[in-house]
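I'd like to ask you about the structure that follows.
Here the chain labels run A, B, C and D in written order, and each chain numbers its own residues starting at 1.
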Amino acid sequence: MESKEMAEKNVLPKDVPTMDVHPMDDVLRMDRIPHIWCPGCGIGTAVTAFAEGLKKAEIDLQKTCIVSGIGCTGRVAGYVKLDSFHTTHGRGIAFATGIQVANPDLKVIVFSGDGDIMSIGGNHFIHAARRNVNMLVICVNNFIYAMTGGQVAPTTPHAAYATTSPFGAVEPPFNIPYIADSSGAVYVARWTVLQVRRLTDSIAEALKKPGFSVIEVISPCAMYYSRINRLGDGLDMMKFYHDNTEIRHGEDTKNLDIGFQTKIIVGKFVDRERPTYMDSYNKWLSGTVKD
Amino acid sequence: MKTNTPAILTGTHTLSGNEACIEGAFAAGCRFLAAYPIMPALETIDRYLQRSSEVDATFIQMEDEISALAAVIGASWTGKKSMTITSGPGLSNMMEHLGLSVMLETPCVIIDVQRAGPSIGIPNRPGQGDVMQARWGSHGDYELIVLSPSSPQEMFDFTIKAFNFSEKYRSPVLIMADEYVAHQKGEVKIQPANKIKIEPRKYFKGEKDKYLPFKRDKNFVPRMVDIGENYKFHVTGLTHDDRGYPVMTEKCQEYNVHPLLWKILNDRDEIAEFKESNTDDAEIVIISYGASSNTAQKAMKQARELGIKVGSLKLDTVWPFPDKKITELAEKVKTLIVPEINYGQIVLEVERCSYGQANVVFVSHGETEIDNPDNLISIIKQSQKEKQVKKGIIEYRNETRRG
Amino acid sequence: MAFRNSEGLKMKANPRDVRTGTYYMDGDIAAGYGALAAGCRFIGGYPITPSTEAAESFARIAPQSGAVFVQMEDELASVASIMGASWSGVKTMTITSGPGYSLMMEAIGLGAMMEAPFVILNIQRGGPSTGVPTKTGQADMMQSRWGSHGDYEVIAISPDSPQELFDFMIKAFNLAEKYRCPVMVMSDECVGHMSEKVVVPPAEEIELEPRRIYTGPKEEYLPFKPDQDLVPKMVKAGDGYNLYVSGASHDERGYPIIYQKGKNQSDSTARRLVDKIRLNADKIIELHEEKLDDAEVVVVSYGITSRVAVRGIELARKKGIKVGKLRLVTVWPFPDQRISELAAKVKAFVVPEINYGQVVYDVERCSHGEANVVLVPHGGAGVHDPEDILEAIEYAATEKKKIRKVIIRKTRLEKKVFGGGLK
Amino acid sequence: MKYWGKPFGKELPKTPTGEIHILKERCKGCGFCVEYCPKDVLELSDEYNSKGYHPPQAINKDNCVNCGLCGMICPEFAIWTTLKEEAVHEN
């Protein structure tokens, strides 16, 4: 392809289809770009970090697949050029458990949103963590249900507005790293999309780690969360993250609550060893089931 | 393709329906089970676990039925034949994923050991209240194959058949057993493994970058590949084109969903199997499936002894429904009697296909009558008195049975 | 913000709940207004396109009337929560669409068994599975009748305009209270997102069905002892009755039935659950009939399709074909009797549906081979081309043979897609 | 270029120069790259792309050090840098 050669020579092509030239061609489905996300949305950045992380981790991409549920982040699977599955709402982790248990050679990534993973899929989340199924869960937290138009999510900070909490969210939100930690995840980190390099490193590290890893990615939702709460556009949210995030590695996860426009603590909080589900399964069965 | 694992049972065994089901699954090549324990299907999981190390099969107990079917769909895409086992309430929970497996065209088998419903109902008593649900339970349009065994032997045979159908049509296949069949012990004759016919998965053979996950062949069945072979394909529950990419248009909806029905309906005459007996000279035909067909057989024999010309049609395949056969019978005979352990489901289909040509008599019966055909005999006698063909379903209610 | 009980006891709507006036609003929002006007005090919902606006509109107006909207963690929880709220004495509903509806299936069976009055608003979309979330469909009709395991009967009504979405919410709550069963309002995306004039009448013009409250002596109360019309009386949790309500098959006391040898157990509860709707079907069923006096062909339709069909009928009438319209306002229970009567009189039924054939099979069943049945299918994500309906009517009027199967018409869309591909 | 002096016997630190590639049609004008470019190379241009957004343009091309942050932070895969030449740092 002409354009590919041009890309190799680092020449910007003129009047040729642009799908072949981006350096992330090999991990993203460039024929589906532009994607559906709004201007100022951070999910695209999270995908870039993920793609870079995949490259950095140097794992066998053939043995890697990605699953997502429903929602804005649920569309990620369709843009990543791996074996990809776009499943039903909340069931991404359950679906991935099936893949992983039926074929333990595969590395499964569940890339989905806060509503998908923590609300309707909350049960599967804690159970997969408890079992320590070998998968990486990347949970993009934009504090709201964005695909359906800005309803209150289980992560919406107290008193923040949403269309179904027109007088401010009544319920306290989930602290995702705390749940993951207490349910038994082996790797727990949180980053905002602004710390994109650290996020990339974190993804690369988690990809290589066997067991249930969770990375919470805080992302601006310019169209719903910021708009309803009058927080400006995506860039304003990024500036807010710039001024109000603090990196504290190894922080006790119970201190990681996020309030409405309060300080966000990011970093790598948990990194421990536990036998994965398939390890325990094989070990236990080989000990108890006699031939 | 033939099964070749030495661990597959052969010869004659006395097994319960639940056990026979698992043996059938192993013989058919099933190597993955995700399930959530539910009465009255518990023995299946026990049997599976006892035997799983011999045949090298995997089991995972998921946190609920929703995730059980999700895991089965995921596992099926890794190339393993997969199934799940449940009962009524579990099947209700699986309804969303039944739709997903239809849309992803994932071969998988769902065993439903029916119990008395609705809701919790009576967990340890038989029912047949889920047959309509099996066909219509998920949202949107789809067709699927539903088999209904009536004995442990059929439980074994139909499980193999179900896996074969699911691979052939890339569709979920349901087995609607019931508590009576599942807990019934019976003789199961199993052929040597190399004589059992197994339908291989329809794999894509061609250049990797030319693979389209939903490109249909002339029978409207797309080709499959396993995860982890570097095809980098995308599948989605959204309405999609051949590449598996979502397209939100009216045209694509037609393009995607209509063939889902055609792939089953075009072959409906082959799929829809039934067993006929004594229908040649019959004036009354009992149409039954599952446990009820035991009653039907006994009633037929007794009625013949009494000199009443009764025949029997046992539906092996409940869905797709054998429309033509029923219409044919309705034109020939006077009365069609449909005994079911529910309050009228398949009888509606029989009424539909009889086109007012024969009286349709519905018998709602409970478990006590499975082994005792007296009630059915009395209804046969009662139905003989009808002189004209009546519109609608006739039900002779024996009010004293109530309460 | 607290629950305000006992308002359902009034025969007229509470003026506080009714936003009287004339609006230009979409169907979803009208449904939210309708629910509040009907005295709904609790909605447990989960956002799903295309039904979210209904939840949002309710959330915005509910607190002023003392009603509550709780966004639950999933649809399983939504429907379970409204059942609980229903037994605590308030009118409740949930709002969803196809996939969410599928998730609710188990709990709908529980609702039928517990005889908790509640309403489910289903704004249908293209399916199966995730399908086309933003576009219309009518493919959940059979699911609403058969979706849960076991035998039960529900009531399903299908509105065809935003005004009806408002009116039918009130109707649905009234039916739910009267027959103590789940009532489905089976709307579709097209009606839900259609903006039209909606007139909200003054409160005194809205008639509400009170809950069947038991008033006799406490000791004699049996939670599942039916009245003459097979519907039992209700009390609410916390009134000191020490209720026992179970999803297991139960007797009149509500106690689960324990297996007794030689007795058919399921006869006691489940039979009454189906009978209470089947035997009251005549009182429940509502049909809209037009030009049926001289009709040779009848177009049977419901929901948005009944509005599309009007155009097809007009075109056919212009061509001199005697065609009438039968609109199923109540889809379930199905009007067996009326279809049978018509079948004896007319040549054929034409059934346009935004699915590949669901209600048409019931029309076929009830026509008993006396009239041909023609299906005009549509896969969803759009509505019928009236020309397709016209062609089906023309065909039905001219076909002389009695054909013993559903005649499925090839639509223009199908020809286009499978003739020319997607592009 | 050759230099005589090697202080403390060490090579002078090298600063790379990058070249910026922008796919204007993909841009949705969020401004992340402009805001977070450490060298202030970019600004939003006045021109429109076919979606009606203002894509960024490089105003100080020579300042680019190929750090790649713009490419990382861009949610649209619309901008990236490549190594142009590794120049020796002139002090």
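Here is the rule we use: a residue touches a chain if its C-beta (ideal position, glycine included) is under 8 Å from a C-beta of that chain, and two chains touch if they have at least 3 such contacts.
As the structure is a computational prediction, the values presented were derived from the model and not from experiment.
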Most remote chain, CA-based centroid, reference being chain C: D
Pair joined by more contacting C-beta pairs (A-B or B-C): B-C
Euclidean distance of C-alpha centroids - chain A vs chain B, Å: 39
Cα-centroid distance, chain C relative to chain D, in whole angstrom: 60
Chain B-chain D separation of Cα centroids, rounded to whole Å: 63
Chain centre separation (chain B, chain C; CA means) in Å: 28
Junction residues of chain D, two or more chains touched: none
Shared interface positions of chain C, touching two or more other chains: 99, 129-130
Touching two or more other chains - residue numbers and ranges from chain B: 66, 96, 99-100, 104, 236-238
Contact pairs between chains, per stated definition: A-B, A-C, A-D, B-C
Complex contact set, residues of chain B against chain A: 31-32, 34, 53, 58, 60, 62-64, 66-68, 70-80, 82, 96-97, 99-100, 104, 227-238, 245-246
Complex contacts: residues of chain A adjacent to chain B: 29, 32, 61-63, 65, 67, 77-78, 81-88, 91, 93-103, 105-106, 123-124, 127, 285, 289, 291
Chain C - residues contacting chain A, complex: 45-49, 52-53, 55-56, 59-60, 63, 69, 71, 73-75, 99, 129-130
Chain C residues touching chain B - in the complex, by the definition given at the top: 76, 98-99, 101-103, 105-106, 108-110, 112-114, 124, 126-135, 137, 139-140, 142-143, 145-152, 246-249, 256-257, 259, 262-268, 270-271, 273-274, 336, 340, 355-358, 361-362, 364-365, 368-370, 379-382, 404-405, 413-414, 416-418, 421-422
Chain C partner contacts - residues on chain B that touch it in the complex: 66, 88-89, 91-93, 95-96, 98-100, 102-104, 114, 116-125, 127, 129-130, 132-133, 135-142, 236-239, 241, 247-255, 257-258, 260-261, 323, 327, 341-345, 348-349, 351-352, 354-357, 364-369, 391-392, 401-403
